[in-house]
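Presented sequentially are two complexes of chain A, the first with chain B as partner and the second with chain C.
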Partner chain A sequence: MEILKPAVAGTLESSDAQVTVEPGDGKVEFNLDSSVINQFGNQIKKVVMETLDRLDINNVKITVVDKGALDCTLKARVEAAVYRSVDQYDNLPWGGIIR
Partner chain B sequence: MNPNKKRLRRSMMFLNAQKPGLIKDPYIYKPDSIMLDLEDAVATNQKDAARFSLYHALQEIDYRGVERVVRINGLDSEYWKEDVRVCVAGGCDAIRIPKTESPLDVKAVEEEVIKAEKEFNRPEGSTLIMAAIESARGVMRALDICESSERLFGIALSGGDYTKDLQTHITGTGIELMGARQNMIIAARAAGIQCFDTVYTNLDDMEGFRRDVEGIHLMGFDGKSIINPRQIDIVHEIFTPTQKDIIFAEKVVKEIDEKKALGIGVFTVDGKMIDIAFYDGAKRTINLAKASGVYKGDL
Partner chain C sequence: MINAVGRDIPQEILDITGKEVFQGVHYRDGYTYKKDGPNTKCVINSNGSKLVKDIREALVKCEIKDGMTLGFHHHFREGDYIVNMVMEEVHNMGIKDITICASSLGKAHDKIVPYIEDGTITNIQSSGVRGKIGEAISTGKLKGLAIMRSHGGRVRAIESGETRIDIAFIGTPTCDDYGNCRGIGGKSDCGVLSYAMVDGDYADKVVAITDCLVPFPNFPAHISMTKVDYVVEVDAIGDPAKIATGAAKPTTDMRKLMMADYCTQFVVNSPYFKDGFSYQTGVGGASIASTISLAKIMKERNIRMKFGVGGLTKPMCDLLINDQVDCLLDTQDFDLAAVESVKNLKHFRISAGEYADPFNKGAVVNKLDFVILAALEVDVHFNCNVVVGSDGMITGAQGGHPDTAAGAKCTIVIAPLLQGRTPAICTDVTTVTTPGESIDVVITDYGIAINPARQDLIEAMKDVDLPFKTIEELRDIAYSITGEPERVQFADRVVGIIESRDGTVMDVVRQIKPFEFADEK
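So, the complex of A and B:
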């Protein structure tokens, strides 16, 4: 998939994450802001990268502001931001590349 | 028939599917069911994001036996068909249809559920349906709605919208809900399905809440929609048979079984006249006690 325009999903509430995607410069640029970056930074990056990989995205600037989100929330926010960037809201591939 | 159709549903706790902090661990409060909401609790510009949250929550969070019902958006919206797809793909236990006014509403959702079960390789019939009734028309057609689908396990009153339609408002006394409650429980029982009461929104009036739950329990309802974990214990206390009820029900069942063999139709238990008409009620008490985890007998 190609990121067509900047898009945001998620909130700054506890247990959530706010994810912003923007068209990249030919690579994946990952930025993370989290109060638990020392404990969970690597795990958060792993989940985000795996999610982008499943969505076949390799050209994006992605910023995650984490507020203690579980893995399932991180995935949900990344996917929501990505599908918002391409304006797709129906006939989503549940159980396919969204899993 | 889906074995979960008649499961224990004393409490159904509403949770905004878009709020990770709410949906990550509601099982710790031990409601019988959670109601993950895609409808009123979710702002229009967050409908899409809520579906992603819902999907991963259904797939990845172990709700430890708590039933996962999802309230989809209304059939008059552009959202409900995709809501059904994500519910079924995620593997929810049941879908709640809001604003149900006719059997055709249930049929329309059922049709999409069947399509989705095929698309996502879910076992046919694995997704149950419940219908929320929120209008005078819905109340008047309650029996037709109750009999509209094998998948339909129950109906629920949604008091806020219903009272608006009736041109009144929620008073806390229950007067404004009397007719709907009575009509709906009778319709549900006639059709052999469950019936659930509306939410009680004043969290500062726990005594009023208790009176409300006691009232609908006496009317025959199976459970109540709730909005806060603080309400769970009261609902479970009122809907779970007491030890006194259980002991009496046991005596009734055992005595009827014994006396039947001896050809005796009417007799007394603890000074009360008992005949075969008491049998089903006593069995129901035992079954409810078993489902609630408080039965220690051998029936």
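So, the complex of A and C:
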């Protein structure tokens, strides 16, 4: 998939994460601000990268402002931001590349 | 050198401090020593008053100089003005290398961080620190070592002469011109002056600071004129709204109510719940809720409490009003109801020494049946951390945690299994404050773990319908939800020590290192 325009998903509430995706300059650029970065920074990066990989995205600037979200929340926020960036709101591939 | 809770204490730290590593809760039982005493400047002439015009004059008369140790108490909690007001003047006079020995420091004292950065303050001894001072210490801005010690441990350090206070500043809600201090009355009413009593007894110079000067004699004095050198009157010693808040509304958080219910059920099913039992609890939502539900069961079963200890709040004081407890022993008042309750004849003020000091001939904590505590982290060895956040930043205080845990027959720690993504039950706590040998029961919203060292409690609970689990099971549940947290990346430099109540070294706190991703190092 190709990121077409900037899009956001998620909130800054505790246990949530706000994910912003923007068109990249030929690579994945990952930025993280997390309340639990010292304990979970590497794990958060891994989950976000795996999710992007699953969505077949390799050209994106992605910014995650994390307030202690669990992995499932992080995945969901990344997926939502990506599909918003391509204006796809119907026929989402539940059980396909969204899981 | 590895201590009794498995922490490696660098030899360098032992050399600098002259301390031993922690060797168990009862290591110094029976230890014999000669108490320290203050240098005392006698007042025989009868034509003087002790009033001086301002803090600066008091500092000059006390002959403040570089390298001195200044004592402070924290009865005004987040409303305290005293520390900032004194340190601003010390800074203005160009004094350097001050050691602050406070019973605790909090967010009210964020303003002194620049004095840490410019070398006015180079050492801090406190129950703990919150807010910006904690960040300053954790990021290596304090030149010397921060020593975190419990309320009982502070009294021990002063009585034994390990810490000598040159000048103590005692903020006092009322005072006369001869230095008789009372914790009650005035506009900054805090009820008691328990933590400052040791400063009165052992500091070379004692300065009373009040915003309500009353005619002599301000009796009965909580700290006597016989210990006070100077009296300063200022406009305000604190913000009354932050000194004693209105009673906290009982929590409606279902998770906390469930833990409170587990706690009450555990207490009433334990062998110590019988007529004449003793009890202390903290100020967390679950602790307060469990006191309320315990009071109900006490009434139903016609069981009276002999004495309650604290750190007091309204639900504890209600026990006295409702004649369910013989007396309260008070070291600190957290809300207006507790401040008001001090007037009750069965509500007794005690000093921090009477409360928790391990180096006297026996403290109140040794007589406790139950203490209900909180913790940031508890590990599978039952060690508790209440000082350093899971992110490595100093953010809390020992308070009476290790003192009461060591003394009580049944020490219960209540902690929600998860705080956001941070598991409270973990493999190894970030730093140890209270050793696992003092902790008997851990209550979480996912289950209750009894320390295997307490087979008697496990036996007593075998037919009780509560969700018992092992501490490892609780950790595994937490990790299955959050993932296993990585160890925080610390630098080598030790910025603080967690002192055991007996003066040995429980753990060290290292400088925090900016996070780096594993694949970008």
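Here is the rule we use: the second predicted complex is superposed on the first by the 99 of 99 C-alpha atoms of A that agree within 3 Å, B and C clash if a C-alpha of one lies under 4 Å from a C-alpha of the other, contacts with A are read in each partner's own complex, and residues count from 1 in each chain.
One rule holds in what follows: contacts are C-beta pairs under 8 Å (C-beta built on N, C-alpha and C of every residue); 3 or more make two chains touch, one makes a residue touch a chain.
None of the values given here were measured: they were computed from a predicted structure.
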item: Side-by-side fit of chain B and chain C on chain A, or clash; value: fit
item: First, second, both or neither for A:84, with chain B first and chain C second; value: first
item: Between chain B and chain C, more extensive residue contact with chain A; value: B
item: Chain B versus chain C as contact partner of A:75, first or second or both or neither; value: first
item: Touched partner set for A:42, first chain B, second chain C, both or neither; value: second
item: Following superposition on chain A: angle at chain A, chain B versus chain C, Cα, nearest 10°; value: 80
item: First (chain B), second (chain C), both or neither touched by A:92; value: first
item: Touching partner for A:15 - first (chain B), second (chain C), both, neither; value: both
item: Minimum C-alpha separation between chain B and chain C after superposing on chain A, in Å; value: 6
item: Residues of chain A at both interfaces, chain B in one complex, chain C in the other; value: 14-15, 69-71
item: Contact footprint of chain C on chain A as seen in their complex; value: 14-15, 35-43, 45, 67-71
item: In the complex with chain B, residue positions of chain A that touch it; value: 9-10, 13-16, 69-73, 75-77, 79-80, 83-84, 89-92, 94-95, 98-99
item: Touching residues (chain side chain C, partner chain A) in the complex; value: 390-392, 420-422, 481-483, 485-486, 488-489, 512, 515, 517-519
item: Chain A contact footprint on chain B (complex, rising order); value: 19-21, 24, 47-49, 51-53, 55-57, 59-61, 81-82, 85-86, 89-90, 120
